[in-house]
């Protein structure tokens, strides 16, 4: 471990903490969110340093990109609903009583973490041993889709649940049409095909290299967000069942696969070794589609105008 | 067969008057008054001795008719017939109530005469007592009510004393039921027992020191009540004294006390008769004198260790005679009842002081009432507590109290 | 489930099932409801009669259901239990008749009679309980089923009376629960046995046993209205007359007194209670309650409140009889349980009649009411004489045995207490009689009797019957199956030495 | 101190910061930011503790983190929608400090 | 397909997949949402019966998801302990589903059913999972579904309550995840059975215990962390608040019980007792504070919500009760499980009854309940019966639970627990009968009454009667609980 790398890591760790503190403490909300997006990108760098490329991709696409987009959109809507001065609402006085308490708790936590550092135990050996039978070569995707596929099923359902909850709350009337500026329009025409291609590649590469359904879905979602920003809207007849189908296809597909496997007498989500790879790809593609659709609709906030109130 | 008939007869002369006493029944019977007394008269004439034992009534009581009791029964019949005639002369508004009460008292009187058990005697004495109280109150005026109140106070106290005496007797003889209650009592408890009995019956009979109600009643009660006074409560009380006090055990102390009291009563009656010879008061002094004389006689008999049997037959006759004497006097001059009691005998200052005593007593009890136990645990409701559901306020004191409680219990264990 | 246990279930069901069905009946179905009520009451009376006959001939009736590990739900019909069951079921029949007459045309009768039947089930359950857990179960069920009756009228005063009633009785229930559990953790069993089941624990748990005793007594003392815990009884008089008649004068209060009897005889045993030195304080507490109740009764102008305070004092006779360790005193206490029930229910019926027909609630308004309602006031007078303790009526018998028992146990001060309380009883009952009979009615008199009879026959016959029963219990005390005979049968079992 | 150790400690610091931000900030958007930072901190600890063991990076924490991130984004989305709806109804983008007194009932 | 014929049917998998599939289908085709919702909930009850028979034969059923072994893959586990919670979920779920069917208008109902099925699926998954991280995901799924349901009515109070609840539940989950991270890196596995073998006392284990305990206590609204529960539970629509109080709060408690019984108590010996003692003290404080606040509330739903805070305190009283060997006392835990079941049924019935009152009078201010005793007899009966069970008065399940817990506390001479439990029972009776008292009195101003559909009244009454029957049937159910926590002392040996 050369001195340079240790230096970089220390610097990156400190940078992370400093950015987070600034994001929370700065009085202006917009600057806070921008700082938060920068924090997300720095986090992605940290994941790379920790040799976790998949996570880095996910963090960059979802953690920084999409969450940032959602936050900015929400801030815009917030200013339109309650244009209170952003300055008034931050509570300047950082009361020190809780601070002391929390620092103590943090110190305790740090001690526990340090006590674990010398010989942390992990499951690398078992994963490597079973990787052959998992149907994919990328260990993270193997864990994600095969070994702990059940978690992923629940996770995709969480996303669907979030969307349903948002729809059931009917936040506020749809935004008025924003005329797209010429620069945005040109940029859009260039970027859309590239984004779709990148998403497809990520999805395909997930089997053997860092990538996978979530990262691809996020990129595709970003493309959708860009389109929405530029004022594109789905044709009315598409916003009914087809949109709903696109959203539910991911979790629905996964569940159907699970039922199919169950009916053939196998325990829950046990892929037959031969078909494992194909099944995983099928599930990933469907998941990508629905994740993209969900994230885009979440960004738009309310239910698409044409959709009859469910 | 005849015993059965006689037994039923005995029981009938008690129950029949009570039945006729009911106003509804009384109204529908022809000649109700005579009809009510008929069975008693019939029995008096036909049988000379009869007994009836009822083991399952109260504590196994029984009824008995013998020569001595026939005297008393005759006296009672005569008295009640006369009282009936007097009552018939009262204003019609009061008559139904008076006749009912007369019949109740008659049943009580006959019951006491025939009772062969102390408890049976006690039962019928209450019947007689409360019936006579009603008769006194029927007399009307404030004076009659005051006299009645005096009488009932004496009555309640006497009943209580008799109750204690009976307890003592039953306890001493270990007999839980005192069928065949014999009088073998010894030692100092006998003195206590006879003291209780003596005091009780003096109260009921209104002998000299406790005669407040007798003189008051004689002056203010309605004519039938005054007629019955001597023959009813007074004579029956003395009969009780004779029945309850252990005959022949030679209770010297009790005997002396009776003699002393009897003599004193006699002297007092004579003195008063001389001091205020108005005709209206004469019956009062006569009753007191008779009472004193009879008590003197009892004292004599009690003190003498022997010779008791001879007098056994004589006493009831004497009593019957004593009962009739004042009645004769009263029959001739039925004075109108005095409205109020101005110049009562000296001992009735107690009656004057009694209202003041009553007020003091009431104030004491009022004080006690204000000392009521603290209001019960206030019902824990939102209305009593300012329910606001606002922010988390400071720790309420209840938590501290409960912590203390927990601590104490912890130490305890 | 031996045949003996079926009959126990039948006794409970005979009031539970009609009760539940009545809840569902619509308000206007009067005939059906009355029929069900009477069917339940009569069937219960017959079953109890059969059990009386059985127990007199030595049959055992017991029902045991598994409830908790190591603790069963036990119903056992011993002679002591049957004393209370007979009283409850007999008076339930009469009170049902009275309630039907009393509540003519008033609203929510289905709800009333439903809870009424539940109450009787609970009181019968309290009587038949075979161990302390079952006793506790029915004891709390009694509280819960009487609450809706106390607040039946739906006025604010009724609600507040209900709240105070619950505050007292639930606290009592909690104390009883604490005592029962502590006893269970020490003794390992809760079965009622003839002379108590805690003898084995005396040497090493003496202090705990004393504390447990006071916890249990406080628990049941609330319902038995011992002095500091009696506050709820006068306030509960806001309930309609049949409720205050059966419940607050007989079922609920007797459940408390019966609890004391069970605890002193069948949990501790009288000798142990005396040895632990708790019998005398209990007797003292009962004596204080007797005198205090009578004193407070002197100053109540409201008739039902005076009767309530008189109940407070009268029920403590039972506690007094039980606390004096001796067979005769026990007989006195237990027989008073029945006699007081008969006499007090007559008084409350009459009070209800007065309130319902001539709208009298206060004693000051009772002048000359004897003329207007002779039969009711006649019953009232008879019961009042009984309460004072005049010979022919039932009260005399129980006071007699209490006095005798006290003297036999060497507690002479009890005789004084009895005498004092008789005086006080006379002091607060005789003025009522005096007003009723010998005073002219004030103002323009009372509402005239309609159709010749003083009040509805449903309202008139129950008090007359109970008055006759109290006179009979006193006069015919020694016939077989009379309360006194049955109590002597119990005493023979409870005290081995007694003949 | 391996490189992973720095990140684990940074994660701890982020957790502390997140907790502090959540407790102190009144504005709901800032609270959501703090929750996200807290999440990132926890994920850092989760992977940082794994550290560069000789047998290469342990994929299981990576999978867990990815799942965590997706869950975090859906929670944030729900939070934002809820905040907007609350602001439209109550006019203030902050929680009422005290319990609702007379809020309109459903 | 009767269970007897196919004993080896993977009941756990079905129990989880059915509701989730139903939710997805409901989202896809809203008009059919109501039918799918009702059918799935009823189906769930049948599946549970199948699972019950399966667990009755083999004490513990393990189901390796994905066919991989314990350390690598996720395992599902169904044993008597999880069965208790699953039964509560199924029963209350069915009752609330039928209630909600007539509570919501047509437009709202479509949104309700998918969210409800997500919650049901999440609960079933949580009670059957034996993997720490999987528990985190199910906790999140349940949390978000619960928040969405709380905010479903859209009122200002509901939204504020839901927001506060969301922040609290997210915080709790993340702190829990931190604990999971520490445990994973200390032992190298996430499965319960392996953890019990590999975990040994040390700073990591103690901190993990502290973190997970705090996180789960926050989600269970134990006393100091209860601030979010009353506003959320009282302002949510009636069926949702019934679900929240009866089931959702119990889910995180279930995880805490699993961790305490299997991982931390045997491990920590002495200092385990320390944390147990603290939890016991917090439980006692919860009982007193919750009951005291409930007494002061002027509105029924707030009162019932604070009553939940108090009743949760009861569940924590078993932590300090340890046998001589420092292990958790099985008798105490048997009592707690009984209380969980009784409280779930009774609290659900109480909230549904409160919902009926709200719909009937348009408000739920206690003094103004206008003579509802005779206008809503079934609801009044349901509220009273449920109240009696909450207060632990005899004929009901609550009493049996309280009796067993008191017995366990007494056998260990814990007088403070006994005193607090008795006082808690009294205070509970206080606030229950405060409301019941006002059922009979007329309100100051009359209110235009809105008729309450019969289905709503009957579901509330059925749940209350179930709570009552629980009190009459301990003999059959106690053996099941012995299965869950080990047999209690059959005979209370003095």
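Think of it as A, B, C, D and E in the order they're written, each chain with its own count starting at 1.
Convention: a contact is a pair of C-beta atoms (placed from the backbone, for glycine too) under 8 Å apart; a residue touches a chain by one contact, two chains touch by 3 or more.
Here the structure is a predicted model, which is why all the values come from computation and not from measurement.
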Target subunit C, source subunit B, minimum contact steps: 1
Most heavily contacting chain pair (counted by C-beta pairs in contact): A-D
Relative to subunit D, chain with the most remote C-alpha centre: B
Taking each chain's C-alpha mean as its centre, the one farthest from subunit A: B
Distance between the centres, which are taken as Cα means, of subunit D and subunit B, whole angstrom: 95
Distance from subunit D to subunit A - Cα centre to Cα centre, in angstrom: 13
Subunit A and subunit E: spacing of chain centres that average the CA atoms, whole Å: 32
Subunit D and subunit E, separation of their C-alpha mean positions in angstrom: 26
Per-residue multi-chain contacts in subunit B, two or more chains: 380-381, 389
Multi-partner residues of subunit E (each touching 2 or more other chains): 133, 137, 140, 144, 147-148, 151, 154, 178, 182, 185, 302, 418, 423, 430, 434, 437
Set of subunit A residues in contact with two or more other chains: 109, 113, 116, 120, 122-123, 127, 147-148, 151, 155, 158, 161-162, 165, 169
Complex interface listing, subunit C residues touching subunit E: 65-70, 107-108, 111, 136-137, 139-141, 143-144, 147-148, 151-152, 154-156, 158-159, 162-163, 166-167, 170-171, 173-174, 177-178, 181-182, 184-188
Subunit D-facing residues of subunit A, complex: 1, 5-6, 9-10, 12-14, 16-17, 20-21, 23-24, 29, 32-33, 36, 39-40, 43, 46-47, 49-52, 54-55, 58-59, 62-63, 66-67, 70-71, 74-75, 77-78, 81-82, 84, 89-91, 94-95, 98-99, 102-103, 105-106, 109-110, 113-114, 116-117, 120, 122-125, 127-128, 139-140, 142-144, 147-148, 151-152, 155, 158-159, 161-163, 165-166, 169-172, 212, 214, 295, 298, 301
Subunit B to subunit C touching residues, read off their complex: 23, 55-60, 119, 122-123, 126, 134, 137, 152, 156, 159-160, 163-164, 166-168, 170-171, 176, 365-366, 368-369, 373, 376-377, 379-381
Of all residues in subunit A, those that touch subunit E in their complex: 108-109, 111-113, 115-116, 120-123, 126-127, 130, 146-151, 154-155, 157-158, 160-162, 164-165, 167-169, 244-245, 247-248, 251-252, 255, 258-259, 262, 266-271, 309-310
Residues of subunit C touching subunit B in the complex: 160, 163-164, 166-168, 171, 227-228, 231-232, 295-296, 298-299, 328, 374, 385, 389-392, 397, 399-400, 403-404, 407-408, 415, 419, 422-423, 426, 430, 437-438, 474-479
